[in-house]
Amino acid sequence: MSGILILLVAVPLMTAFLLSVTALPQKVPHTTLMKLRNVLSVSGMGVLCVILAVCAPAALSGHVLTYTVGGWSPFLGVALRLDAFSFSLVVVSVLVCFLALFYSIPHMGYMRRMGKYDAFYFLMVAGIVGVFLTRDIFNMYVFFEILSISVFVLITAGEKKESYKASLKYLILASLSSALFLFAVGIIYASCGSLNMDYAAEGMKSMVEENPELMYVVFTLLLVSLGVKTSIVPLHFWLPDAHSIAPTPISAILSGIILKVSIYAMVRLFLLCGWQFYSEVSPIIAYTGAATVAVGTLLALVQKDIKRMLAYSSISQIGIIVTGIGIGTDLALQGALFHVVNHALMKSGLFLCAGIIAGQSRTREISKLQMGAPGVAVSFVVLSLGIIGVPPLNGFVSKFIICYGAVQAQYSGLAFIILAASVLSCGYYFRVIQAFFKKKKRRKKTPMYRVSRFMSFPVYILAVLCVILGLFPLIGLQIADLALKMVGG
Amino acid sequence: MEMSIIVRTTTRFLAPLMLLFGVYIILTGHLNPGGGFQGGVILGSVLLLFYLAFGLREGRFSENVASLIEDVSALLLVVVGLLGMLLGKAFFSTFLENSFSGIFGAGVVPVINTLIGLKVGTAFVVLFYTFFKYMRREP
Amino acid sequence: MDVFVILAVVIPVLGSGATLVLPHKRWTALFCSGVSFGVLCRLIIEPLPLEFIIRLPMNPLHIGVFIDGFSLIFALLLSFLFFLAVVYSSYIEARRYYSLLLLDLGLLLLIVFSQELLIFYVFLEMSTIVTYFLVIYNETEEAVKAGFKYLIMNVGGAILILLAILLKGSSLGALLFVAGCLVKAGSFPVHVWLADAHPAAPSAVSALLSGALVKVGVYSLFRFAPHFGADLSWLIPVALTSMVIGVFLALVQSDVKRILAYSTVSQLGIVLLGMVLQSDASVSGVMLHFVNHGLFKALLFLCMGCVIYATGERNIHHLGGLHSKMPVTAAACLIGCLSISGIPPFNGFVSKSILFHALESPVMKAAFVITSAGTVASFTRLFRHTFLGKSGAKVKRIPRSMRLPLLLLSGLCILLGFFPGIVLSLTGYTVECDVWSSSAVPEVLLTAGLGIAFYFVGLKTKVILETPSFSIVDRFFCGCGKSIEYFSELLDRWLTQDVNYYAAYMILFLVFLFFLLSF
Amino acid sequence: MTWVNGITIGIVLVLIGFYGVMTRKNLIKIVLCIDIIFLGLILFFVSIGYVEEGVAPVLGEFTLFVDPLPQTLMLTTVVVGLSTTALALALIIKVYEKYKTLDVRELK
């Protein structure tokens, strides 16, 4: 049964290669080619969902599926592992990628014909699923690279002038961060002899006693390298350009899922070096997280472009998650894990809504936006209420738990920052919502291009999911609690 | 814009040797240093040598064919990996090993190496083609 | 009997969904609010206090319902006012208006019935958001701006309450909770959103806003202050200033609705004062004034709504001489003005005199007298300028459904004037001092005379005519908003550099972290 | 001079690379410095597995052999470094085509 794990990574890879094969011959009449590619991509995702459904009962009931690739002993070889923590994140990412795929079928028609956009899309999905599953640090680095390279290409799918600049800036900073990550992996390997997380954990514990200096080096390297990928405050510079200029489905996945991948890696690796070392070091993570929340919210206040505003707001939300991780108590970690899932759903929904609305009002200026389809506007309101943390929705539940954990762990200053930030975020989100209500004379009767079902129905699903998770949060909280045990919390 | 006659004759003489050497590197990858990637690069460079020497006209080995081979070999690579699983062993495991020493001794490893070599070689060919297309476009 | 409570809450919430779907939306809205009001009346007979827990399936929070006399009265007032608002707003066609109204009713009832703090906060936040969408219903530039200010301050207040819940143990928690409730109640320092939200909202919504919603803050203070063990004595100066300042601001306003908004601020100051004193008489006075203020303030707002609907004019100087064209509205407005200024036969007189006798220190008595005199002055000015004097603007006919609530409310004002016992019997408090016989009546006449003297003195010295722009507090809040924006603009400009600096920041951060860790 | 070995030189190369990225203004030079960083890392990694008088563990009998694992890992890092650089250069071509400049200061 545990053989299925490798399929989780192999299936997207195969769909990627199949798609790049179909992208080639121009002789086949164009429309059938497009239909074929659509069918292929949707079925690829479908198979992925089926596999997840098959291994859902095992993962959710608490025991762990491991799989060693190539029959090598886990000490040397690459081991894959699926437990509640990685399972919940894989499910969320596959769901969001599936919905973004639906969104991109009509939206990016011209882009998919001529390029291997779909192939890179599925390479990215393989990279995401790969990072969530691997138990081997170096393999995590390789999947991170697969993920980043395919994202660099996907950012430029918009063929806009700034997209190349943004992608280049992201590439430079991301490759610097992976260099640091590799450096840390090297040190871990040199001191612990093995790259597998379980064996490395014992090595790290012994290392903490002998020379804590080396341990500090490894920790700072990991924090900075993953910090760049999660865009903590002093390292967040690439995020606004990359997220706002990328085409809508890609920016939805970028800020919804790919930030969470590095958060997942951060949780895994930090808890690797033992609980005692972690509690000694966690105040630093908490304070960096709080700084991220503050700076992210302040910068989001002044943005004129709706997507840039959403990008900055995901910086502040990531700050909240990092603060939750930094606080370190069980409750705060549980809240942080639940907020990871919530934010992934909410933020990708918001980006898809912003894409539709910006497309219909033909501008990305916040003040000039018009309410296109009422359904999309309502789901935009619901999702932004979730992000702000208004009670019935899931954002409130996880933010409240993190603040509650913060107060319990004598970090009440952090709770104050998080709540003050949510008031400010209410400010800039409602600046967008009120633009919908302002009566504006339509300049010329611009033909509102019809929002095809494919584009708006993912948004409705995400909004409904947020409301369900908000009204019945125990679903998410139990999984987060289970995940916490898996991580050794 | 072909090169001088000397370069053209030497390439005509050297190209098959380089191809042979590349194939050798790929096939004996598991015995002595070398392997799929390095051999593939050598195959790619053979084609580059041809273009430099004989001018940038697209021969029989056009870009579409190269890109097709690249994707097919990638697909086969994953399929071979999955084959290992069907036979009950783990993914990418060597399931054909037998007593022969030499090339066929290591079961599936040389197959994997050749596929990787093919993919990398054709990838380089496609890379060079795109650069030529870029250079040849009117400014 | 807990079925009735659930019924009273669930029907409006379901109704809000139904109005979006069913064809004749106004009738469904009427039906739902009417049924909810009826069910609550049915509850009067039940033995109070009522307590039970509703558990949600997969949700850690459980809704603990606790109903005693005070919350039942407040719930009755709420559902009655909402019913009248639905009857009144016949000229509004949009479906979302009715569904939002019903949703707001359901949420407010849940607030009134909730027992624990967290559940109270949850519904408070939801009702703030729903009211925001009601306030900006007119979609004019001014309405949207006022709505934005309303939202930011109320969400800020709610976040203060959330912080208080988190820091429940410490004394800071009590301070934050009281501050949050003050923001919600719109007392002096944070009354700014009240003054802007009322003129911008449709008249039925502004009637609800000042009649019921603003009282949620005071109610939550009454209900949850003991949880924090907070001594509210430091609130007295705040209540006094908001009483006096509210009245004087009301005196100088030109917009009709703004006058009523500022008078709400002062009336709430009175209620707050009574609440803080915690003596038996003052609490009974507070409860009575709660209901009375709800009734006559809603009456006044609806009258002004009719005036604005008929003449389309809001500025008090352009109105005049409407008594002949709109006799019903004029009569209702007269009753409202008299009862708010506490003239004997009406309900305002009863609760104000109870409160007056409950005050101890001379300072409070003086402030109370000044406030009621100021109220008399501002409402004579309001009535004189709109209904008496030369007949100016042409008048549009008011539909019958807008006149019905006026009659109902003025009837109730008179009824409660004569028999205040009806309300107080529910809460178990009794009306100690027999109001009619004692010295109350001459005192009231004295304050009324003082008020009218205020009015004429003000008229002579031209203070009342042109309105000095007295909005220091308003500029303070907009100012800090602008400064946050300016600071983040600065931050944004400073942070965008080129890639070299970003790489440099990365390395500096690395080195900084390492040194931070090793020492 | 016992501490001058593969590891320290690798670290020095990484630092040189970082210095280059921080100070150079031309985009192509920045990409090249990133390559230097990756080369430094590969040297650092390979020299981790170094064993005195070790022999490469390929065919033939041997007792003391150099740890092969870092070398296999470095195969992948080489490929990753190559593809990142190729992508970066392609992007630089496009940036030059659109912005007509390679100086970092203009690309705020």
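Observations
Just so it is clear, A, B, C and D label the chains in written order, and each chain counts residues from 1 on its own.
Going forward, contacts are C-beta pairs under 8 Å (C-beta built on N, C-alpha and C of every residue); 3 or more make two chains touch, one makes a residue touch a chain.
What you see is a predicted model, and the numbers here were worked out from it, not measured in a lab.
Looking at A-B and A-D side by side, the one with more C-beta contacts is A-D. A straight line joining the Cα centres of subunit B and subunit C is 79 Å long. Rounded to whole angstrom units, the spacing between the C-alpha centres of subunit A and subunit B is 36.
In whole angstrom, the spacing between the mean C-alpha positions of subunit A and subunit D is 28.
If you average the Cα atoms of subunit A and of subunit C, the two centres end up 43 Å apart.
The set of subunit B residues that touch two or more partner chains is empty. Looking at subunit C, residues 496-497, 499, 503 sit in touch with two or more other chains.
With touch defined as above, residues shared between interfaces to two or more other chains in subunit A number as follows: 169, 172, 176.
This structure has the following touching chain pairs: A-B, A-C, A-D, B-D, C-D.
Those residues of subunit A that touch subunit B in the shared complex are 3, 6, 10, 13-14, 17-18, 20-21, 24-25, 67-71.
Listing the residues of subunit B that touch subunit A in their complex gives 64, 67-68, 71-72, 74-75, 78-79, 81-82, 85, 89-93.
The touching residues of subunit A, counted against subunit C in their complex, run 169, 172-173, 176-177, 180, 213, 216-217, 219-221, 223-224, 227-228, 234-235, 237-238, 281, 284, 295, 298-299, 301-303, 385, 388, 390-392, 396, 400, 403-404, 407, 412, 415-416, 419-420, 422-424, 426-427, 430-431, 434, 437-439, 471-475, 477. Residues 31-33, 37, 127, 134 of subunit B are the ones that touch subunit D when the two sit in their complex. Listing the residues of subunit A that touch subunit D in their complex gives 76, 138, 142, 145, 149, 152-153, 156, 161, 164-165, 167-169, 171-172, 175-176, 178-179, 182-183, 186, 189-190, 195.
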